[in-house]
Each structure stands twice: as structure tokens, then as C-alpha cells.
Amino acid sequence: MKIFERFLHIDRRIIFVLIFIGVALPLIWTLGFNLEVTENVESVYNLMEELEPGTRILISFDYGPSTKPEIQPMAIALMEQAFTNRIRIIAIALWPMGVQMCNEAFEKVSAEYPNIEYGIDFINLGYKVGGMVTINHMAKDFRSTFPTDGGGNPIDEFPIMKGIKNFDKLGCVISLSAGDPGLKQWVMIAHDTFGKPVGGGTTAVQAPIMLAYVNEQQQLVGLLGGLKGAAEYELLVNKPGFATKGMDAQSVAHLIIIIFILIGNIGYFATRKKDTMKS
Amino acid sequence: MRVYILLVILIFFSFALCAQDISFTASDNPNDDGGAILLEWNVPPSFPEMIITRSIDKENYIEIARVTPLLKTYIDDENIEDGQEYFYMLSVPKMNGETLQSFSASAIARAQWFNTDKISLLIMTILLGSAILYFILSARRGKRLYIRKISGLDTIEEAVGRATEMGKPLLFVPGISDLDDMQTIAGLNILGHLAEKVAQYDSTIYVPVCRSMVLSTAKEIVKESYLRAGRPDAFNPDSVFYLTDDQFGYVAGVDGIILREKPAANFYLGAFYAESLILAETGFESGAIQIAGTAMPTQIPFFVAACDYTLIGEELFAASAYLSNEPNQLGSLKGQDVGKAIIILTLLVGVVLEMFGIHFLKDFLATH
Amino acid sequence: MKRQIPMLITFFVGALIIVSEFIPHKPFGNLSTSLGGWFLIISGFAIILGQLSLFKVNIIKISRKAPNWPYFIIALVSFSIMVTCGILWGTQKQPGLIPISDKMLNFFGYKPFDYIFKYMFENLSATMFSLLAFFMASASYRAFRARNAESTLLLVAAVLVMLGRTTIGSTLTCWIPESLGFLHLPNIASFIMKYPNTAGQRAIMICAGFGVIGSSLRIILGIERSYLGGK
Amino acid sequence: MEILMHRIGIWIGVFLTFAIFSFLYKDNPFYKIAEQIFIGISAGYWFIYTIYNILIPNLFVPVTTDFAHNFILLIPAFLGILMLCRLIPSIDWVSRYALAVVVGTTAGLFFKRYLQSDVLNQLTATMLNPFASSNAAQIIGELILIIGTITGIVYFFFSKKHEGAFGTTARVGIYFLMVSFGAAFGYTVMARISLLIGRLNFLLGDWLGILKP
């Protein structure tokens, strides 16, 4: 019976070390588990695929470096898909760090698309505070919300902004979000008030909540949830990247955590039975 | 003459060819504050790019957009004045791209006094608003409103009793948000009740906080509770103290208290973020009774798994209303319950109607 | 004056926003649109307020020699360096007060502000949250017990989702024949997410929605005043 | 030079990463230093971006270049300055005027948007005919969805005692809530591990260079 008691008191530093190793090793030696694309990810992909070349979409970068590993791969994959299909991107950020996240992604992707030009195929309008109120404001009066791009140049100078006064001329809205303000606010305003299709990617923490919006009312067309969602999207656009590479490590770490949950519970039940027998 | 006949035949033929497929209309963009005209067309998708032109005198047409048949609609909001009639021309090139064929339409933009898309929203607004107001007013007039007992709350007394027996203190964590978060206020309301019990049993309570505004309010509340219990002398102002504003720094501090003082019971009531699991784990290891409550949907799982009782979401507010007996909170809660009852009934009716293939109710409620 | 006028403002602004939803006509529609622009500017000042009060609080702590006060000097210094770099040379495409020389740009590879962001802030921020991976693992082991029906359901759902939402789920159950496809872990996880999870989340969402509606109404009508400070 | 500064940057990043990881052992001065640097830089970043991306383009430039059309913006600017008065305790009450506009706008918008998106649209999205499908899993699933939503709402009903049939319904509701908490728990594990993967990718890849790019 002693072994069960020991089950209950494994030093947490052992767990820390095992998690560290469990994540590190599969990064170095990939195992190559197979990956399946799920419905919600495919819906976002199809939403983008069905847009006509030249259509302008809005991508909102509502995250920062703290959740970069989960969301940046989505941003990169989405940009790849957009530029391949000649979809034009108007980028904004509701989180101040989103501005730099967006520029990093653009720098990385645009290197492979030499004919993509800032101001024609892509623009970064920078950060605005205010969350839902600001989204509502830009839906009514885009130009007074964003009089300039992120570098302080008037938006009238850029062809991509021609005729954009509200959301009417946008093909769809995509929000890459790590919390509040983010995807929820976009669903509430862009779709539920102004009828624009909204798709998006969130951290895995947010995903179960946001899934309630992926419904018959199409409040949310589809959802990329966490690193797995990003990996599936990389598979769809055929550009395996960071997310795909991370999936093995993710799987191994989950397995370690599940094993520890089991050990803890086995110990718990075994010792509890003993306790009740004693009493 | 021959030219005319030829023209007529040509026009007739082109109409005959296209009439069944092609249409083009202009109308005031509905439910807005004016300044926009809605253009709609129905053109076979095989047609190439088309041009929309606009004029105010039917003579000088200016190009406003190039569109594809698939787009189906276009909202013209460039310098449109309300009350002025605008004429539009949709120029459709033929399949071979040679001659152009044009369709015209006209419309006047206006602002609307009522947004007809929002009738169901308006009805719900009125129903819900008046229910909440009605119950708040009747609670203020002294009507007793019933609120069910929240199961976790019974354990408060039990926990205080156990702590007194064991000679150990209690720990109350009001979350890491400031006073502008309703969850913090709800948590502090419960703290008031808890501190009163602590004063009655002559036990000790620690309240570490991470916002300076919360510090002064919490101090005030605990002091008042001791006064209500008739033990103002027993109040120790140092039992409510500020640690740090920083999330992890605060958690490290609270963890230290749990490990050092080994409280008999830990209460986590308020707004919590990622720190919830660290707190719940440390408390669980120390063997304390743990009671938690938060409306943060992402953090509830950790509390449910590691605490003895968890107030889930709205239960936190209900508990606060129940304990404080404040008419505004009670009335509002009751009004919201009316809303929930309406939703459940509508949902049941809606599902039955859907089963019989009647979509009226669903279509009426679904607006955007 | 100190409480009545703010409450009146809240009432007018809140009521205007709600009414403009149903009456798009002037003056409701355009007034509520202007309010959105005002909100943006006032919120901008509110952020500045937040940073300045952080500055103030730290100075007070240092001057009073609060516990750990030397650390707060570090916060002040890093804040000042970041702000100075941002104001002097600007950020990314945004020019600052003085144009950045090519020599400096070649030296750092970035503007100083962006250099600090990229190498210091990104690493600090990402590491801060990755700490949680370790705590998560140890908390799962030490605190998550199937103590009663509720927590058992929670744990079973969690384990199924953790298995199903990674590649390991499909690898573990790939031997199950096609006819029993619903037993594939990814399918089980998808089913849980799509139906029972959505049902639970939706119930919470609707009830929390009523909570928000109730408190908004109380704030607009001046019944709830805690935001003005004090009780 | 650029490459040298890049290497130095990576080393700074590695130092800061380990300084924070040291918290896993226990709270220590290295962690505290890294934490304060984080707080300081973060505040500085917000400060700069608010000025460059909001106050200059949305307030300063419009007012200085086209005063006649934009003088109305002086009102929010004035309110914003009132907001800053909170720093001075003796007149901090004037910030309530600005706060009232912010709180009123938010409350008004929240009222209608939560009613629309989180109540009405969730309601219509649950009005389904489960028997419309021929797929058994979907029929069961949609029945679960309808029952789960209703019983879940019943659990949050506070004006009636949980006893008898009503209590049983609420009991079923709590089980559905538990399943969604379990799912949320599983997803959160996933999220946190992903962040660690990101960190190790930096340490093993960018720093030690033992990962294939």
C-alpha cells in the first residue's frame, strides 16, 4: 500500500523536469504523428477561398507576444493564403502589441511574395483602444477611426483604402484574438450588427467559449483553436511551419499530464479506501 | 426607317435574351441614417466585370465602381445627399466582350425613423427592462423577494467554526481586479458576511489584496462587520493588507501565507485569471477547506476541480445579493430570472414549431 | 455636483446609445456615432492615466522605502528608457522627434524601441505565461481528483479532449474499424465540443448575458454607482 | 554589427527567460528584477503606442490641421484631461465626468449587444429540429444541445428552490456545465503547453541552434 501513498506525494520538481523534457525531445526529434483537419478550421479556409481576387478583408491582431506561439502561426498561414489568392488585407490591432505582431508576420510572409506592395495589397492601420465601442465606431465611420495608417500617413494616400467608409466593402472580418477585446466583440458588432461574415483564431483557452458562436446563425463562420487549429490551417495552405512542428511536443506533454492525473487519482482512491476501512 | 426597325428588333432581342436572367434595381439603403443607396443586380455568373455609373441629371454619368456578377449588391455611399434623386447605369459587357448593354435604375436616399430589423430586439429590451425595473422598485418598497440558498454559502459558518476549533486563521482572496469589476464588489459583499461570523466566533481572518482601492474598501467592510457583531475592539486593521499590484507577485505572496499560516479555510471570491490554478493547488495541498466563486468562465474549471465548493458564474452575484439583502441587487436578479423564464419558454415553443416545419418564430427573432 | 452630474451624463449617454439602435434618424444616429469617436480619445487618455499612476505609485513606494523598494527603481528606469526611445527615434514606420541615422539602424538592426520590444519584452512576456505550463502540470496531478460525480465528469471530459485534440488521439485509435468511427478519439472530442460543451457554454453565456444587461441597466438608471467610487 | 547585436539580443532574451523560469524553484531577486523590467517596458510600450496611434492621429492632427471642422474634438480632449486629474487627490472627483461618458457608452452598447448576441442569437441558434437529420450522432447531439441549454439555464434560476422535478432538471444542468468545464480545462492545458513549446523553440532553436529551422 505504501506505493499508493508515494503516488500522492511525487515531488513537483520531477513533474517540471518531465514536462520540460517531454516538450523538448519531440522538438528535436520529430515523431510525425498524423494530423486531421476539423470542420471548424475548414470553414475558415473555405470562407477565405470563396472570396474573389482583389477583395479586401479586415484582419484584427488582438494579441501580444504572450500568446504568440499559438496565434502567430495562424496569422502567417492566413496571410500566405490571402496573398496567394490576391486577397488584400487591411490589418488593425485592438491590442497595442498586435501592431508589431502583424508587422513581424508580414515581414516573414512578404519575403516570398515580391509583388505584394504595402498600401495596395496590404496595410497596417495600427492600434486603437476602446474594444467593442471602437469596433462599433469604425463600422459606422471607418475613416474617422483610422485617419492614418500605423506610420502616421493619411489613409487617402493608399489605394487599398479607396471607398472604405464602413464594413460594407469588406469581404469578411478575421480576428486573431487572445482575449478581451477580441473575437467576441467582433462577432457582436461585425456580424450580429452589421452582417459581415466573421471568422477567427483564438488561443485554446478562449476556444471552448467561442465555439458557442459557431452555430446555425453563423455568428462565427469557423474557428481556429490554439496550436492545433494553427497546425491544421498550415496543412490546408500546405505550408507546414511552427505549429505543425509543435504538435508532437504538444501530444507528448498531454500524455504526461494525463498519466500524472491518473497516478494522482489512483493514489487518492487507494489511500481513501484504506482510510475508510480503518475508520 | 430601316435603321429604326433594326434598332427595335435589336432591342427586342437583347431584352428577350436577358430578361429572364438580368435585373438591376436601386433603392434607398434601408434602416440607416441616410446617405446611402443600395444597388442590387442579378446577372449570370459567367459575365465578366461590369461597371456602375452614377448621374444626377441622367446625362453626365461618372463611374463609381467595377463589380462582378457574384457580388450581387453594392452600397453607394460616396457623397450621397438625402432627398436628391440619383440615376444609375449598370453596363454589362456581352460574353464576347464587344458591345455594352446597360441597365438603368434610380433612387432617393433617406434616413429612417425606425429600424424595422430590430423589432424583436426592441420587444426584448422593453420586456426585460421593465421586469428588472419593476422588481427593483418593489424590492425597494420593502417587498420580500425570494432567492434560493446557494449551497456553498452554508459552509461559511461551518468553515469559521472549524477554524476556531483548530485555532487556525481563515484566508479571503478578493481576486485581482479593481473595484470597477462587479465580481470584486460581489466578493467583498460576501467578505462582509464572513467577517461578521469571524468576529462572532472570535477567530482571525487574513485578507491580502492587490489593488489600493480594494484595500480601503475591504478594510472598511471588515471593520463594519466587527462593529455589527458587537466586537469593534477585536478588529485588527493589519488583517487586511496590500501585497502588490502584479499578478504573479501577488500569487507568490498569497502562496506564502497559505504555506506559513496554514489557514483552516480559504475563500477565493472575485475576478481571477491565470493565477486561479496556482492558488487552488497550493490550498488543496495544505488541506484547507476551499470555497471559490468567480464569473470568469475560463477559470471556473480549476476551482471546481480543486475546491470543496464553487460558486459558478452568476451564482457569485446571487450569493452577494442573498447575503447583502440589497434591494437593487435582489430586484435585478429577480428581473433577470424573468428573462431566463421567457427564454426557456420561447426556446421550447421554438423547438416544437421547428419540428412542425414552422420557421416564423425563429425568423422573427433572428435579426442582424 | 460631484455625483449627480456624472450620473446624469451616464444616463443621457447610455440612453442615447440604446435609442440610436432603433432610431437611426438624426439626431440619434449621428450623435451616437460622434460619441464613439469621443470614447476613443477619452480612453486614450485613460491609458495614459494608467501608465502615469503606475509611475506615481512606484515613486511613492521608493520614497517611502516600501519593502523591496529597490526593485521599483528598475521598473521606473525601464519605463523611462522605453518612452525616451519611442519619443526620440519612433517605432517601426512611425518617425520620432529626431530622424534615426543609418549608422544606428545598422548597429541595432532595428530602431532602439523595437530592439527592446523584440529581444526583451517578447521574451519576458512569453516566458511569464509559459510558467503556467509547469503549474498546470503539477496542479493537474496534485489537485484534480474525482471526488464526486461533478468532478469525475469534469476530469473524464478533460482527458478525452486532451487526447482527442492532439495527434496522439488519432494515433491511439486508428486501429478501430471505420464502422465504429464514432469511437475515434478525435470524433469523441469533436462531439463533446460541439454538443455538450456548447450547451453548457451557451447556458452560461445566456445567463451571464442577462447579468451584463441587468448591471448595464442599473448603471444607466443611476441605481448602481460603485463605478463612481465608494459604496 | 547587426549580427553581433542580434546575438547580444538573444543572450539578453535567454537571461530574462531563465530569470523568470527561476520562479519555478522559488521567488528570488532575479525573478523580481525580470518582473519589474517587464512591468516597466510594458507600460512604456502602451504609453508610446497610445500617443502615436491614438492621441496624435485622432486628436492632435485633426485639430491642428482643420480646426473649423474638428473643434468639437476639444470636448473629448477636455474630458480626457479631466480624467488625468485623478492623479491629483484633491480634485480627483472631476475625473468622474469623463468616467461617466465612458461608463455610459459602454453600458448602453453592452446592453443591446449582449441582448442580441448572447441572448437572442443563442436562443435562435438552439431552435433546431433535431429529427431533421438522418445521422444518429447528429440527432443525439442536437437533442443534447437543446436539453443541455435549457437545464443549464434552469440551474442559474435563483427564484425557486432546487427541489422536486425542478431540482432534478437543475442537477442535469450542472452535469452539462461540468462537461463544458472539463473541455475548457483540456483546452487550457493545450494552451499553456503551446506557450512552453514556443519558449523551448526559442531556447533550443534561436539560442542553441539545435533545431532545424
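Just so it is clear, A, B, C and D label the chains in written order, and each chain counts residues from 1 on its own.
Going forward, contacts are C-beta pairs under 8 Å (C-beta built on N, C-alpha and C of every residue); 3 or more make two chains touch, one makes a residue touch a chain.
This is a predicted model, so every value here is computed, not measured.
In this assembly, the chain whose C-alpha centre lies farthest from chain B is A.
When every pair of chains is scored by its C-beta contact pairs, the maximum goes to C-D.
Chain A and chain B have centres, each the mean of its CA atoms, that are 21 Å apart.
Between the Cα centres of chain A and chain C there is a gap of 14 Å.
Averaging C-alpha coordinates per chain places the centre of chain C 2 Å away from that of chain D. Residue positions of chain D touching 2 or more other chains, listed in rising order: 23-24, 32, 35, 39, 45-46, 49-50, 52, 54, 58, 105-106, 109-112, 114-119, 121-126, 128, 146, 149, 153, 156, 177-178, 180-185, 187-190, 193, 195-196, 198-199. Residues of chain A found to touch two or more other chains are 16, 19-20, 23, 66-69, 97, 99, 128-129, 133, 136, 144-145, 150, 152, 192-193, 205, 208-209, 212, 215, 217, 225, 228, 250, 253-254, 257.
Multi-chain contact residues of chain C (touching two or more other chains): 18, 21, 36-37, 39-40, 43-44, 46-47, 94, 117-118, 121-122, 125-126, 128-129, 131-134, 136, 138, 140, 142, 144-145, 150-151, 154-155, 158-159, 162, 165-166, 193-194, 197-198, 201-202, 204-208, 210, 213, 215, 217, 227, 229. Those residues of chain B that touch chain D in the shared complex are 120-121, 124-125, 128, 145-149, 246, 248-249, 252, 256, 297-298, 300-302, 304-305, 312-315, 318, 333-334, 337, 339-341, 343-344, 346-348, 350-351, 353-355, 357, 361-362, 365-368. Against chain C, in their complex, chain D makes its touches with residues 1-2, 5-6, 9-10, 12-14, 16-17, 20-21, 23-24, 32-52, 54-55, 58-59, 72-73, 75-77, 79-81, 83-84, 86-87, 93, 96-112, 114-115, 117-119, 122-123, 125-126, 137, 140-142, 144-149, 151-153, 155-156, 173-190, 192-193, 195-196, 198-199, 202.
Contacts from chain B toward chain C in the complex involve residues 31-34, 111-115, 118, 121-122, 125, 128-129, 132-133, 136, 179-180, 182, 185, 212-213, 217, 245, 248, 274, 277-278, 280-281, 284-285, 295, 297, 301-302, 304-306, 312-314, 317, 328, 332-333, 335-336, 339-340, 343. Put simply, chain D touches chain B in their complex at residues 23, 27, 32, 35, 39, 111-112, 115-116, 119-121, 123-124, 126-129, 131, 146, 149-150, 153-154, 156-162, 177-178, 181-182, 184-185, 188. Here chain C touches chain D in the complex through residues 2-3, 5-7, 9-18, 21, 34-56, 68, 71-72, 74-83, 86-87, 90-91, 94, 106-109, 113, 115-134, 136, 140, 149-151, 153-162, 165-166, 182, 191-210, 212-213, 215-217, 219-220, 227-229, going by the rule given at the top.
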